[in-house]
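Chains: A, B, C and D, in written order; residue numbering restarts at 1 for each.
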Amino acid sequence: MRLSWNRYGKARIRLVKVRRSSEPHQLVDLTLDVQLEGAFEAVYVDGDNTSCLATDTMKNTVYGMARQHDITSTEAFAERLAAHFGASPGVTLVRISAVEHQWERLSPGGRPHPHAFVQPGGEQWTSVVTGDAAGIQVAAGLANLVMLKTTDSGFEGFPRDRFTTLRETTDRILATSVTASWRYRQGMRRFEARGQIRQALVDTFAEHDSRSVQHTLYAMANAALDACPDITDITMTLPNRHHLLVDLEPFGLDNPNEVFVATDQPYGVIEATVRRAGN
Amino acid sequence: MRLSWNRYGKARIRLVKVRRSSEPHQLVDLTLDVQLEGAFEAVYVDGDNTSCLATDTMKNTVYGMARQHDITSTEAFAERLAAHFGASPGVTLVRISAVEHQWERLSPGGRPHPHAFVQPGGEQWTSVVTGDAAGIQVAAGLANLVMLKTTDSGFEGFPRDRFTTLRETTDRILATSVTASWRYRQGMRRFEARGQIRQALVDTFAEHDSRSVQHTLYAMANAALDACPDITDITMTLPNRHHLLVDLEPFGLDNPNEVFVATDQPYGVIEATVRRAGN
Amino acid sequence: MRLSWNRYGKARIRLVKVRRSSEPHQLVDLTLDVQLEGAFEAVYVDGDNTSCLATDTMKNTVYGMARQHDITSTEAFAERLAAHFGASPGVTLVRISAVEHQWERLSPGGRPHPHAFVQPGGEQWTSVVTGDAAGIQVAAGLANLVMLKTTDSGFEGFPRDRFTTLRETTDRILATSVTASWRYRQGMRRFEARGQIRQALVDTFAEHDSRSVQHTLYAMANAALDACPDITDITMTLPNRHHLLVDLEPFGLDNPNEVFVATDQPYGVIEATVRRAGN
Amino acid sequence: MRLSWNRYGKARIRLVKVRRSSEPHQLVDLTLDVQLEGAFEAVYVDGDNTSCLATDTMKNTVYGMARQHDITSTEAFAERLAAHFGASPGVTLVRISAVEHQWERLSPGGRPHPHAFVQPGGEQWTSVVTGDAAGIQVAAGLANLVMLKTTDSGFEGFPRDRFTTLRETTDRILATSVTASWRYRQGMRRFEARGQIRQALVDTFAEHDSRSVQHTLYAMANAALDACPDITDITMTLPNRHHLLVDLEPFGLDNPNEVFVATDQPYGVIEATVRRAGN
């Protein structure tokens, strides 16, 4: 038997980099794969790891190099990574694959916002019509409205117990995928009102000085009720898509709120219904 | 034991309606769920289906009513469906849920196109950088570019054998999710060229008079190579996301290329590489 | 520019074949891809479809050949398909990929059942514990319990209206993915009872002579309540995973309940709660 | 406007606990959601977090309590969590949802293995038949064979550079989802050989003393080639599904290789082809 081909690496390294040094903030959101081929027979056959760069090190390298270098284009950053890993002993081929997740700057009131973004990715309008003996009830809403702001979000003053390790912060990334559903008063026919309601939700997310996801949810819900007198209540679900600051200190680097790992799970979920008084 | 609650219905009814009577074409793309609650004990306990409207009939009803009525808003169409099903014997509650998939009209050359659309849903830029003894090679591309045209697409003149039932057509919906990857000549640094390449792909999809997916793929690939002299070849994958005309004849209705079911599987897949002569 | 490589075909052809001629029934469940490479320049460059075997024909061929031949192994069936498509004009390479979905025969009471199967695919135990002023309430359940029976299931006597096209049947495939959740009386600690409850659900699915999904759901729920006196009620959701008989008549072939297409959407959904009297 | 309902919590907390104190090892694999309802108006309306237990603390609590208590049943563990969170100020309702991922003990040679497990979750047989001028080539394989061993796996002696933080370990969890594909020599018809090949892969995973994923991959591939003389080569892909030891020290608890978080991404990927000499 002989090893006739081999490749190994790290897949799905999630990197979010914010350039905060200037206004407006710039946002880069990548998923990267690093793959190496080379003369690694001893690793496979003998269990000798002398030449086996850990895939954990590959991940760390991506974060470290993201701190050290501007990412002017994904291609140029990938070239840098390819050159770095290509210099490792035994490596004959490096392959860096990257997927760029697109974010568009929000423009509340028509002016480009310095630090709030939307990700065009499958947003949908939803509606639920229920009919029973009491008549017909129309609810409408939206799903998968993905937004992120790079500042104006903090989380402080929460209780601490034996299991609390989270640090207080006055400045973090806030990212969420909004699901909202509002009910129209009976007989309402101006279903195009949903456009204004969406606008109120988006603008408030961008402009709000957030002390928690709950705090922002409530502000958004209020803005929606203000924007359309024909809705009686609104229910919102805001997952907290955590972006964790990467600890670069072990590599001798600082990280002034610039390099983050976007995580999928676990995630916070905040849900609430806000109702117009009298309904 | 007693049945203390029950609900049944049809989930994920896929409806695409094109209003072709006027230019420009209008497009509605919905996924609908129909759910009924009611006095259905006999169905559960005795296996007596006298009052059990088949979920297949629910699906047919959605398509038939989509032909009979304009869909000015999803909410109004859902109200119509709720009223219809609410009149069935035994039903005490109807629930119609709808998700609207968003399509934006394409605008090649800045002018709104009469029948070509893009679905903003997770499009991504991709890149693959490979480094080996021969140097560094950069490929770039895009994925999940979802487009649809409601006309200017046919499929005729294909061979017929014992297993061929597909009818020839001069007018069908063409829908696809483009994946493309192109390679830059060595040393190329103008990675922002991807914007022009994407534009060439999109404009050609909109403007091409398509005789097959293959025919359109080739035209798109040519346009990309024309748009950027620095790419040596382009590889494209175009799934054929079939939109099947619904047969409404059993309901006494015609269907002049208006009501379609969007299907997920099976699907056609067309792939090819087009290379600049001399490379 | 020149076409330097091309491939096309049909992806995700879903084929379920039942061998019913003998007891016990045999079940084959495949997802197939057909891919062809060849001299198809004229299709791409000129829009000339003379040599372009329709991917719809590929799909039909898979179903027709599934009727004509025993599927003793997936590999042998794929070889047959490869030989068939390899004889098409212009084809230089055929590639048939197949995924076999595994089904295990159910064995209620320890005896292998002649026509009821389970698909080991991600079944999970679930639980929900709720605590409030009234105390702690424990619900347990299961999800993704995928079962199929090839006979002993019919659907007749349902109402017919303008939109009804479904034929009455005394013999169809019944397939579902069971989600169930039951509540324990307060203070119950024998949580290992879930094993008996699951067994009651599975055995009843296998043995029940089904007149509808509702009818089977109710029988299963009753059996669960019988199996464990400590549960007060059970809520079940049974999607109807439709297996449609393929119409082979256009190919001059009959189809005696043997060749089916498994569909993903739309699907029926049947939900109910059955409660022990007095609770 | 008033807040008429609210709920928040942490979703998808992944917990894997190994009981290693006795042979054989026991394995519990859960995904948990914690949800609280209560008098949290000040959090929403005023941005006052005094009563807002951080969802990060919820996650930590799950891991800490998993160390402190035996998990004899998921229900009993969820009850403990419900009681704990129910005592937080302001909370009126706690809801703990859990999904149990099932693992079965492997039995190489018919004897239950003390620390190797398989997860029945969608394993599939695959095959690819290719036909061209050179004849017909049959490859077969399997996908989604998910296995885990709680010991007999280490990773030491790998190179360290500026970006290396991974600790050397002689004892870790090794978990993977095997994809394998082997090619049969031409003319081979005994396709049922796949059963023996799978057995060789599974038994070797269980019995191998692993110094790296590469090391185990090579041993498995060799065993497959030994088990069936009719295969010429085998290509395997082994993702490294990292199980990270949770740092419980901040809570004043040790963690003797018992409480892990199962992570989805990033993950290592190890791929190789092993070929029979002379082929």
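As a working rule, contacts are C-beta pairs under 8 Å (C-beta built on N, C-alpha and C of every residue); 3 or more make two chains touch, one makes a residue touch a chain.
Predicted model, so just to flag it, every value in this text is computed and none were measured.
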| item | value |
| --- | --- |
| Residue-number overlap at the chain C/chain D interface, same or different (half cut) | same |
| Between chain D and chain B, distance of the C-alpha-averaged centres to the nearest whole Å | 36 |
| Whole-Å gap between the CA centroids of chain C and chain D | 27 |
| Inter-centroid spacing, chain D versus chain A (mean Cα positions, whole Å) | 25 |
| Two or more partner chains touched - positions in chain B | none |
| Interchain contacts (touch definition) - all pairs | A-B, A-D, B-C, C-D |
| List of chain C residues in touch with chain D within their complex | 73-76, 78-79, 81-83, 85-86, 92-102, 120-133, 136, 138, 140, 143, 189, 191-192 |
| Touching residues (chain side chain B, partner chain C) in the complex | 1-14, 33, 35, 40, 43-45, 47-57, 59-61, 64, 88-89, 155-159, 161-166, 210-215, 217-218, 221-222, 225, 233, 235, 239-240, 250-252, 264-277 |
